[in-house]
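There are two complexes below, and they share chain A, which is joined by chain B in the first and by chain C in the second.
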Partner chain A sequence: MINRLATLFAWAMAIGAALFLLAPLIVIAAASFSPTPVFDLPVDGASLRWYTRIGQMDGFWPALSLSLQLAAFSTLLALVLGTLAAIAIAQGRLPGAEAIGTFLVSPLMMPGLVLGIALLQYFRMVGFNAAWSALLLAHLVVTLPYVARTMIAGLSRFDFTLVEAARTLGCTYPGAILKVMVPALAPSFLTAGLFSFLASFDNYPVSIFLTDVRTKTLPIKMLQYIEEAPDPTLAALSTCILAATVVLLIASDRLVGLHRMAGTGQ
Partner chain B sequence: MSERDHLVVRQASKRYGATTVLDRVDLSIRRGELVTLLGPSGCGKTTLLRLIAGLALPDTGSVSIAGRDVTRVPPHKRNVGVVFQNYALFPHLSVAGNVAFGLNVRRRPKAEVRAAVEKALALVHLGHLAERPISALSGGQQQRVALARALAVEPDVLLFDEALSALDRKLREEMQGEMRRMLRDIDATAIFVTHDQDEALTMSDRVAVMNGGRIEQLAEPRLIYERPASLFTLNFVGLSTRIPGTVVSEDNGTVEVDTPVGRLVATGGFIPGSRVIVATRPEHLRPATGDEGNAVNGRVRSIVFQGSRSLVEVGAGGETLLAELPGQEAAHLAPDAEIRLGWPVRETFAFPAPELSTPELAA
Partner chain C sequence: MTDAALPLAKAPARPSRERLVAVALAAPAVLILIFLFALPLAKLLAASLTGAEGLTFVEYGKLLGTSFYLGVIWNSVRLALYTTGIALLIGYPAAFALARARGPVRSFLLACLFLPLAASVIVKAFAWTILLRSDGLVNTLLMAVGITAEPIRMIFTETALIVGSVNIFLPFMILPVYTVVAQLDPRLSDAAATLGASPVEAFVRVVVPLTIPGVVAGVALVFSLAVSAYVVPTLLIGERYPTLSTTIAKAYLLARQPAFGAAAGVVLLVIAVATVAVSARLAKLGGAK
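And then the complex of A and B:
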């Protein structure tokens, strides 16, 4: 009896939490089809006019391009550096491997604002004022922990006797790494890349300190729009980003399975 | 190359830092022979296996397989099959993909690979699971896949590192018999590593008992049990009665020994005055009738019923005698009863006493 009550309660909480998390997204998506220039629910007739306006927003394309570039490059760099670091840590022969791992992941726990100010100060001090490169470095600081954390977890579960098995079956050492370790870690690579890309793409607090007039990332631009002209174009843009993310997640799920990515599978 | 020398390890030593893990090991195995390395944890079994597979290099000594010196040959050129303790199956490949791995690496034609995979899977009775992912197999099935994967490349030697220890007891016993039959059928040369003495005695043609980086005895299972060459082997394989004593006389391969339970006669050659351990296996002890070579009076301490037989512990002169008696002979015994046990001289061994236990003789 108590048990059933507890189960019911747990379900109710879970559904409530899901609704609470999803409701704003649903409202935004609905509002993007509003026929009127206020954030309205499209009760009398939907319209796609705000979607056609996205591309005409002032400075939208450069901002999108910049954000995509930053996300792609920082993710690529983070994947290479993070994986190498994770291998060194997981092999365990490094003194203080645990401490290094914790240090690598620590920016995750740091408020973005603090990180942003710190980086701004630092770049000023060393006289580094190329906005694009500064942003890339900053985004690397943001994304590296995601990659390092995922790869350390993935590698700590990786069984290095698989490499030995492959060698006794006729693989050279590099061949064994390529044929066995890389595919076994594919889910980790994908998860790490995905989180890293998204973390960079929607980063606001760190980027805000490092942009200049001509170099603005999409999230910053979006906030600027909403201050200047709050119309449902932004809702439409948000819905597009949301849809792209969902497509990305579904594709990854098809590829390796979300449960494996989240580390909840066996 | 003689028949005896399909796999030869000669004077192989291996050190990790200050510890000597293998100490001048010699091992020589015939084609088609199944040999077990038996020994306690940390005695160097896995290390010896890794030397043979090429996953570790010996500091000194040599390894040769099928007449070829492979001491410095990397693992991928040795043609050795290994079944790892945790199976080490590739999680991203199906059952068939795992079994085909070694053949694909060797770039064999597709049709040949398919035929070899089918053959190997049929041998381990897993033909119907070829397309399953590895994660959807039971422990016993994974074990068979690992075996099929190792067999598919037709290795010169098969190595098993505690390959059965992850299975539960019943399945393990089934697999022991089945694996022995399979390996016999294909005339495989194999080394099993185990610390389970029953597995060693049932599965192999010969057993190598290892201790502290050395092979103490390499012999048929029956001989290992009936004629242990050292106190270590006696202790490690099977149960025994062990009584310390001092040799008083030696005559033509038998010694008379003074012990806390009286004078005993044992086979062995020691000069009078030597400290020895006199030992025998429990099934040789019987309620004495008078014509045994050795007899001891004692008092029953405990009786452990084991179905058709009972294990009886008898205390005498501060020592413990262990007798395994058939059901009816043990039926009338009760704890604390007086009993006289006898056993033949030819089943009584004498081993040099370990030095640590006789500090009074050190001077």
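And then the complex of A and C:
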């Protein structure tokens, strides 16, 4: 009896949590089809006109392009550098491997805003004031720990003697890496890439301190639009970003499986 | 790499050479974080302690010695406490259901967890401003079921702030708890029952202790995220509820008081890092038992 009640309670909470978590996403999608400029839900008649206005928002295209560039480049760099470091740590030949691993993931527990002001002050001090490069370096500090964490976890389950075994069986060293290590690590690699791309693309608290008048990322622009003049165009833009995220997630689910990402993602 | 094909001939030199390779592999990532993370933080700490005549604690005095700024710190901590508490109440049982789910139900629940996690924080906070407006969906629902006759003012209140904050940080509670619960052996409860424990006893004395590492991880994660949240308070409550984060941003972006902002940043950092450090310690103690 008590077991039944407990199970029922757990399920009620899970379904409640699911609906609660989805609510803002559903509302934003619904409001983007609003027939009027005041976020009416499209009960009588939907309108697509807000979608056609996204491109006309002041400074939208440069902001989108900047955010995509930063996310792509910082994720790429983080994947390469983070994976190399994770290999060194997991192989156990690095002196102080555990401490270095902790150091590499430590920016994750850092409030973004604090990292932002620290970098702002530091870049000013050394006289470095190229906004694009400053943003890229800052985003690298944001994405590198995600990759390090996921890849260290993934590699700790990888048996490095398999590479030796493949070489004994006639593979060249690069061939052994490609045939044995890459397939085993692909899920972690994909998870790491996805999370660091999203972390960079969505970053506000670090970027805000490193922008200049002409170099503004999409989240900064969006917050500015919301504070100045929120209208359904923003909901339409948000829905487009959500749709792109859904596509990314579905692709990752097909390739890796979400339940596995639940294990390695956190 | 040519001599790598002759490992046997090079056997005596092998350990040091492999160690060198390992150092070379880790070096770029470590150097980047030394120069772009550790060093800037050290400089920030230095800046918060530097006045016109060298070492000074005047900025910390301002933060920790005036009731206004103590209130600001308490605002940040209170937001994090409420968020963590409510997220734990919802997330703990939800994680159990998620761990029991199979097939399409599990896929659906995981999608409900990952999609909001992957969605932009700004998008979600913006959605809550729409939901909680006086003519928004929540008020329409409340009036339809007859809970209230007049729309309740929700946006720009502490309630709105906490609802939005729980919404955004809840997945960070569910995921670590889920990871632990999914690894529980279901036979444990059966074994406890066989040994005469009531279901409640079995749960409290067998299951709960085993889930503590996940709970500690979730609590630490949600607390440290919520205490430093910036977008959520900015959009959902604004000026009426100054937090450490909004104070830091203001000090740098508007007021041009970098030393004060640096001190506020250090205080926020200490709170966030202390949470994680204490929880890591707790998790270790729990694991040692």
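Please note the rule applied: the second predicted complex is superposed on the first by the 263 of 266 C-alpha atoms of A that agree within 3 Å, B and C clash if a C-alpha of one lies under 4 Å from a C-alpha of the other, contacts with A are read in each partner's own complex, and residues count from 1 in each chain.
To be clear about the criterion, a residue touches a chain if its C-beta (ideal position, glycine included) is under 8 Å from a C-beta of that chain, and two chains touch if they have at least 3 such contacts.
None of the values given here were measured: they were computed from a predicted structure.
Looking at the shared chain after the overlay, A:A186 reaches chain B, while chain C stays out of its contact range.
Contact comparison for chain A: of chain B and chain C, C touches the greater number of residues.
By the touch criterion defined above, A:I152 reaches neither chain B nor chain C. When both complexes are overlaid on chain A, the residue A:L162 reaches chain B alone and has no touch with chain C.
Of the two partner chains, chain B is the only one that A:G175 touches; chain C does not reach it.
Judged by the touch definition given at the top, the superposed model places A:M57 against neither chain B nor chain C.
Touching of chain A by both chain B and chain C, each in its own complex, is seen for residues 173, 266.
The touching residues of chain C, counted against chain A in their complex, run 1, 4-5, 15, 18-19, 21-23, 25-26, 28-30, 32-33, 36-41, 43-44, 47, 90-91, 93-94, 96-98, 100-101, 106-116, 118-124, 126-131, 133, 136-137, 167, 170-172, 174-176, 178-179, 182, 198-200, 203, 217, 224, 227-228, 230-231, 234-235, 245, 248-249, 252-253, 258, 261-262, 265-266, 268-269, 272-273, 276. Every residue of chain A that touches chain C in the complex is listed here, in rising order: 2-3, 6-7, 9-11, 13-18, 20-25, 27-28, 31, 39, 41, 81-82, 84-85, 87-89, 91, 93-95, 100, 103-104, 106-107, 109-115, 117-122, 125, 137-138, 140-141, 144, 148, 173, 194, 198, 201-202, 204-205, 208-209, 219, 222-223, 226, 230, 234-235, 238, 241-242, 245-246, 248-249, 253, 258-259, 261-263, 265-266. On chain B, the positions that touch chain A within their shared complex are 53-55, 74-76, 78, 80-82, 84, 86, 88-92, 101-102, 105-106, 135, 149, 153. Taken together, the chain A residues at the contact with chain B in this complex read 159, 161-162, 164-173, 175, 179-180, 183-184, 186, 266.
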